[in-house]
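Multiple structures follow.
Here chain A shows up in two complexes: once beside chain B, once beside chain C.
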Partner chain A sequence: MASCSTIPTIREAQASRYIATNMNSIILLSALGLGNLFLGFRRSNRLLLPVMMLILGLVLTVNFLDWNQGPQSFFSGMLIVDNFSVAFTGIVLLTALVLVPFSQKYVLDEEANLAEYYSLLLFSMVGAIMLASYNHLLMLFLGIEILSVAMYVLAGSDKRNLRSNEAALKYFLMGAFFTGILLFGMALVYGATGTFELSSISFAVQNPVNESLRPMLYIGMLLMLLGIGFKVGAAPFHFWTPDVYEGTPTFFTAFMSTVVKTAGFAAFLKLLVQVFPAATAQGVWLPTLTAMCVLTLLVGNVGAVAQTSVKRMLAYSSISHAGYLLVALVAFNGALEGASANGILFYSLAYSLATVSAFGVLKLVADARHREDYAGFNGLAKTNPLLAFSLTVSMLSLAGIPLTGGFFGKFFVFMAAVENGYIGLVIFALLMSMVSIYYYLRPIIAMYMRAADVDTAEAVPVTTFQSGALLVLALLTVLLGVLPGLIAGVL
Partner chain B sequence: MDQNIPQVIQTVPLQYYVFFATALFSIGVLGVLTRRNAIIIFMSVELMLNAVNVLLVAFSAFRSDPNGQVFVFFIMAVAAAEVAVGLAIIVMIYRNIQSTDVNLLSRLKF
Partner chain C sequence: MLTVLLLLWPVTAALLLHFFKGKSARVAALGAALLEFALALYAAGFSGVNLARGGDISPNFEFNYSWIASAGINFHVGMDGLSLLLVLLTTLLVPIILLSAFRRNFENESVFYALVLFMQTGLIGVFTAQDAFLFYFMWEVALIPIYFLAGVWGGIERARVTFKFFLYTIIGSLFMLAGFVYLYFQTGPTVDGLSAHNASLSAFYSLNLPAATQMWVFWLIFAAFAVKMPIFPFHTWQPDTYTESPAPASMLLAGIMLKMGIYGCMRWLLPVVPLGVDYWQNLILILAVIGIIYGAIIAIRQQDVKRLIAYSSLSHVGLMIAGVFSLTQLGMQGASIQMLAHGINVVGLFFIADAIERRTGTRNIAELGGLTRQAPVLTVCFLILLLGTVALPLTNGFVGEFLLLAGVYEYNAWLGAVAGITIILSAVYLLRMFQRVMLGPDSAHSATFTDLTGAELVVLVPLIVLVFWIGLFPNTFLHLSEGSVMSILGQVVKR
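Entry: the complex of A and B
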């Protein structure tokens, strides 16, 4: 579907680059995901986990072949692969790679359809990649749907468990509802500008042909903002997050709160930077976005304080981190290479690493002890020093303590905001992150200072893959905190 | 039929399509917010998606730009995929609690 209004530079770029490269990661993920399904015919599940890790490692390597190759466009400029999309795809794939070892329980479970779970994860990552590289609103829509439909299924994968069922239904109904709102917004924007192409929309927004269409454009933009705000779990559209995250099996919750959120923010950033950058349009976006940001920070942090379940606390914590990322979006400075984009990239990486390790430890402890409250962690430092250590590192990183990746993530995001003059917002975010230290320290106190009771006296079983993944995660988190220059400013 | 379809569509002014689609969309939103049966909520969501389709086709015909109509095909395909997944989820819940009333699902509280 060739777009009539494609700007010439994209056409030329496409003609010269089409043969040279292709969308390696998308094609590989789809093909290997299908192949992975056939492995499910074997009676034993034991091969699946190593194969899945191999697939993700392979795609991760292939993905970085496109690094610094300049923007390449596909499908008549509907997808654009540049450093921005390669970097975010890298985060998504790396997160998935370190996450899969925690699915070990399913390998031994006769009831679980592990090959299907893995293939759905692979397919949903195709959606995440599209969200990081779209250049056309159709691709944004398809990316969100590919990502979400797979997650609806995985949220309900524990078929006999009513909580899992309910999470799936809630996620599905709310997700479909907000997709409708997003689409209505897109249709109105199309009506006002006559195109779906990002650069052409941005041109039409800045050079309006017909002033009377302006209200339609603004309503469309606001509806799109609501739709995407729901997908990243920003307040006031966060209400589904705690319920869905708590009901979903922990392995998939970890995937939702990292991969889905990272991809959502990549899409959000692209939309802000490439579609609605005009000063007039900011008059609509910015107040709404700032209000959403303040509300998200407040709801996430205050909500997390009140929780008794660690899983629910992590759900609220993921809302609050969406708030910190929104601070960077509010302060975006107009280019995908700017301080905001780099801040979001670093923050997403640090947040994903810490969250995967937090959910990983939670899953191991909850599977062994059948409880998800803080007291379930009592005495973990004695029985499982490695688990206690990696949970401590991840909690400190999420709280933003120096020497961890989370500190520099917050630092870059807040710096970008201060440079653009949003000092009040940064002070508020700092206050909120002080609140967050309270609930992030609670599991650490339980692990190191409380004695084990009858339920928690036994060690939690951990496999080699899992301890390896936890060590890598803790190492990367500390590495990001000591040498932030490795990732900062790469875009 | 010696008139082609875009010309037929253009015999009605564009505002009427916008009002119609907005009304249809609002009915869908109201349905989602007020009804308690999962299947009816789901039907309301489909109504919202079809309001979007009407709007896209109208804009597309008035602007003589095929993009909007192609978008509609994608929305239809994705909506069909969503229906498959959504009905499967509703059937799964019905097997467990013999009802599709969303109020009965209160294990997870806000």
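Entry: the complex of A and C
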């Protein structure tokens, strides 16, 4: 009996080594991204969209084979695949999967280099996956760069548009600057601890060999926080966000504000939980992070109120959501399985779904009506009930109103913060989310309560494919809002 | 399980309504609402028999499902007598409200009716939730459809008015959520030990917080109820919203939604923070009485029929709040039956106001007059509902207001006396309106005015029957809520 039961266990272990490796997602994404480029040579744009969705669906499935397989390490421990990384990789891939249908306009556009766009998206997702599974500062740096370089190019992909060029340049210059800061921080941390490997750094932080190196370590740590803070668009390093988001073609803005942000927060969380958890280090980064959090919430929400363009409002809104996620980071309680990590996971998923849907509708409306202000949405409920409905769901979700995933995202994040005693911070975040109701209701009021004027009287053309994507997004958002137990506490 | 059915059926019907086009949607919606009413009647009959046999008053038809296991939050619903009374009110009024909407041809009818049904799920959820977070969840679920009902199909000022309404109520309920979160962290672990805390009603009832804490937690929770009821000075959203909403939405707001606040006080405030209530009781009673007088005086000055009903509602709600916060059996029982009576009367009055507006195109009292000669039936119906609201003996309003006043009097004779003015004042403004609109010199509309149609009578007759039924045999309903009220009071007095 005993021998019988052991054999399958060994087999399973072997099988999991071959099949269940998150490396597969990285390898698959890179290889298929390259394959995509070849399709581009054949100018078969029509084929590209289904192929892209197939790739993403395939990688998503492969990714989840790693669920509950325990931590596995690769490249001599530089990457570690565990439930945490699988979950965040899942969000990133799912987001991309539901986003891709909104690129359909490019399919018909001869000028657009669709294959290149898609490949760059796939490559940047490789970076995102690395950010969710790094165990070595080198991998963190590589992940951020792979993610960012692709985004610099995509920000400027609308070559004829000056705004797009401006966005790319601005993003690149600022990004390069902050990458430098991040790298400098890593170098200082290395100098102080003598290692790039996360757990070794953590050990060195708690048991310093040389006390006199402590200031160097802390400065390095703070510089790294600034570097990642820039990538997730936290104040006071947010100045690029509204301009870059506005100039970048909407499709890529959506990618930027979901995938990049989710991956950035996964990296942030790992860094704080696994590298700098020691009480002494916390004394240094916690005030910094709290200040960033308060400032981000304030800038994002107050900034969004003043906007007249929906796209800029969404840009500021994405800043404000970085603020809510920072609340969870401030309040994290020591493990990648804790309430904070679960809160961030749920929040990122709900936020990504709602944001993709918001930018998707914005793109369709802006493409048809050539305007991005609130009045452009007037009377949309009459002309395109489905677009109006999905934008409403996503706005309510972003505002954190119950029945949507956004509510439970905020709920879990705030609960985690209250549990760890950050009541003042939560009250401030609550006040800010009251402010946010103002600007999230504005598109709803425009769509449902204002009559269409001359240039918004016609229906916005939507393909079945896009309608399907919007419907799926709305249903997923409501599903998260009704049965949050599906995702809550999975880590 | 029956409670779950009561919750799921309206929302399912709302989704199915999407497949009905045009006028078939209204029939389907009405059918769904009537089925729901039948279910509620069955529940009431079952509980009634149970009560007659001397059964206990703990919630019937319980359903408990682990909703968010990691946080110890359960989808826990059940109905005791008080819940059942309000579920009965909701399921009774919704078909009547749907029926009343048949007179108007709303754009996108199926969506309109679907939203009404959807709201019903939220309302029943509020009245049956046994878990604090589920209660909050349902509280907001009820808000979203009414926001769209009022905002999409409302009057000219709808965007501004509904925005204010939405903001007020959501900010109020966020305070409540904050209060619940605080209380949640004071509770013990769940039975299965998966979570360190839980948010069940019983856990909240057995909290023994120090008086100093209860004093401020009281305001966190009360904020949501204060806005929803509304109590003076949190009422500024109310008259505008009632006026600008289409008639069915006004009926939902005044007839059912406002009772969420009163029910909330009785279920989730008094027994949870009894020491806080003890501390603030005086202030709340004074605010309530101010509301009674203030609402009545403003109502006297109104020219718009709907606005007048809105202020009258404010005044009558004040008395219910005073009754609840008197913490006497009389006052609480009065509030229970008055919730039912007020719901019936205010829906009837809004329906009459809408009937007049549909015929004449105006709600301005100054432009109306002498309608009675062309419409004797309408006059009689109007008068009966009016007298019910004025609390004439033999009508439903009398039972409730008498008990309420007795309760307030028991607490403090002076307050009781001042609150008693409400009956005189409401007679003043309502009869003044009746006289100007129905009697008085002929107006431009009196010649062309037509009487109630058969379909309109179908709406009004059940309401009028109930006006007398509750007025003559109040014990049918008082028995239902008695056990719950006693146990709530037991909770309050225990500490």
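Rule of thumb we're sticking to: the second predicted complex is superposed on the first by the 467 of 491 C-alpha atoms of A that agree within 3 Å, B and C clash if a C-alpha of one lies under 4 Å from a C-alpha of the other, contacts with A are read in each partner's own complex, and residues count from 1 in each chain.
Just so it is clear, a residue touches a chain if its C-beta (ideal position, glycine included) is under 8 Å from a C-beta of that chain, and two chains touch if they have at least 3 such contacts.
Values in this document were obtained by computation on a predicted structure and should not be read as measured data.
K.L.:
What does the overlay on chain A give for chain B and chain C, a clash or a fit?
P.N.:
fit
K.L.:
Which chain makes contact with more of the residues of chain A, chain B or else chain C?
P.N.:
Comparing chain B with chain C, the partner touching more chain A residues is B.
K.L.:
Is A:Phe141 contacted by the first partner chain B, the second partner chain C, both or neither?
P.N.:
Only chain B; A:Phe141 stays clear of chain C.
K.L.:
By the touch definition at the top of the document, which applies to A:Asn36: first (chain B), second (chain C), both, or neither?
P.N.:
A:Asn36 contacts neither chain B nor chain C.
K.L.:
Pick one for A:Ser200: touches chain B only (first), chain C only (second), both, or neither.
P.N.:
neither
K.L.:
On the A-aligned overlay, A:Val149 touches which partner chain: chain B = first, chain C = second, or both, or neither?
P.N.:
first
K.L.:
If you stack the two complexes on chain A, which partner ends up touching A:Ser357: first (chain B), second (chain C), both, or neither?
P.N.:
neither
K.L.:
Could you work out the angle between chain B and chain C as seen from chain A, using CA centres and rounding to the nearest 10 degrees?
P.N.:
Between the chain B and chain C centres, as viewed from chain A, the angle is 150 degrees.
K.L.:
Could you grab the smallest C-alpha gap between chain B and chain C in the overlay, to the nearest Å?
P.N.:
So the smallest C-alpha gap separating chain B from chain C comes to 30 Å.
K.L.:
In the complex formed with chain B, which residues of chain A make contact?
P.N.:
These residues of chain A touch chain B: 1, 3-4, 137-138, 141-142, 145, 149, 152-153, 156, 159-160, 162-163, 165-170, 172-173, 176-177, 179-181, 183-184, 186-188, 190-191, 194-196, 216, 239, 242-243, 246-247.
K.L.:
In the complex of these two chains, what residues of chain B are touching chain A?
P.N.:
18, 21, 25, 28-29, 32, 38, 41-42, 45, 48-49, 51-52, 55-56, 59, 63, 65-68, 70-71, 74-75, 78, 81-82, 85-86, 88-90, 92-93, 96-97, 102, 105, 107-110
K.L.:
Chain A touches which residues of chain C in the complex?
P.N.:
So the residues of chain C touching chain A come out as 66-71, 136-137, 140-141, 144, 148, 151-152, 158-159, 162-163, 166-167, 170-171, 174, 178, 181-182, 185.
K.L.:
Quick one: in the complex, what on chain A touches chain C?
P.N.:
Against chain C, the touching part of chain A is residues 342, 381, 396, 401-403, 407-408, 412, 414-415, 418-419, 427, 430, 433-434, 437-438, 441, 445, 448-450, 483-485, 488-489.
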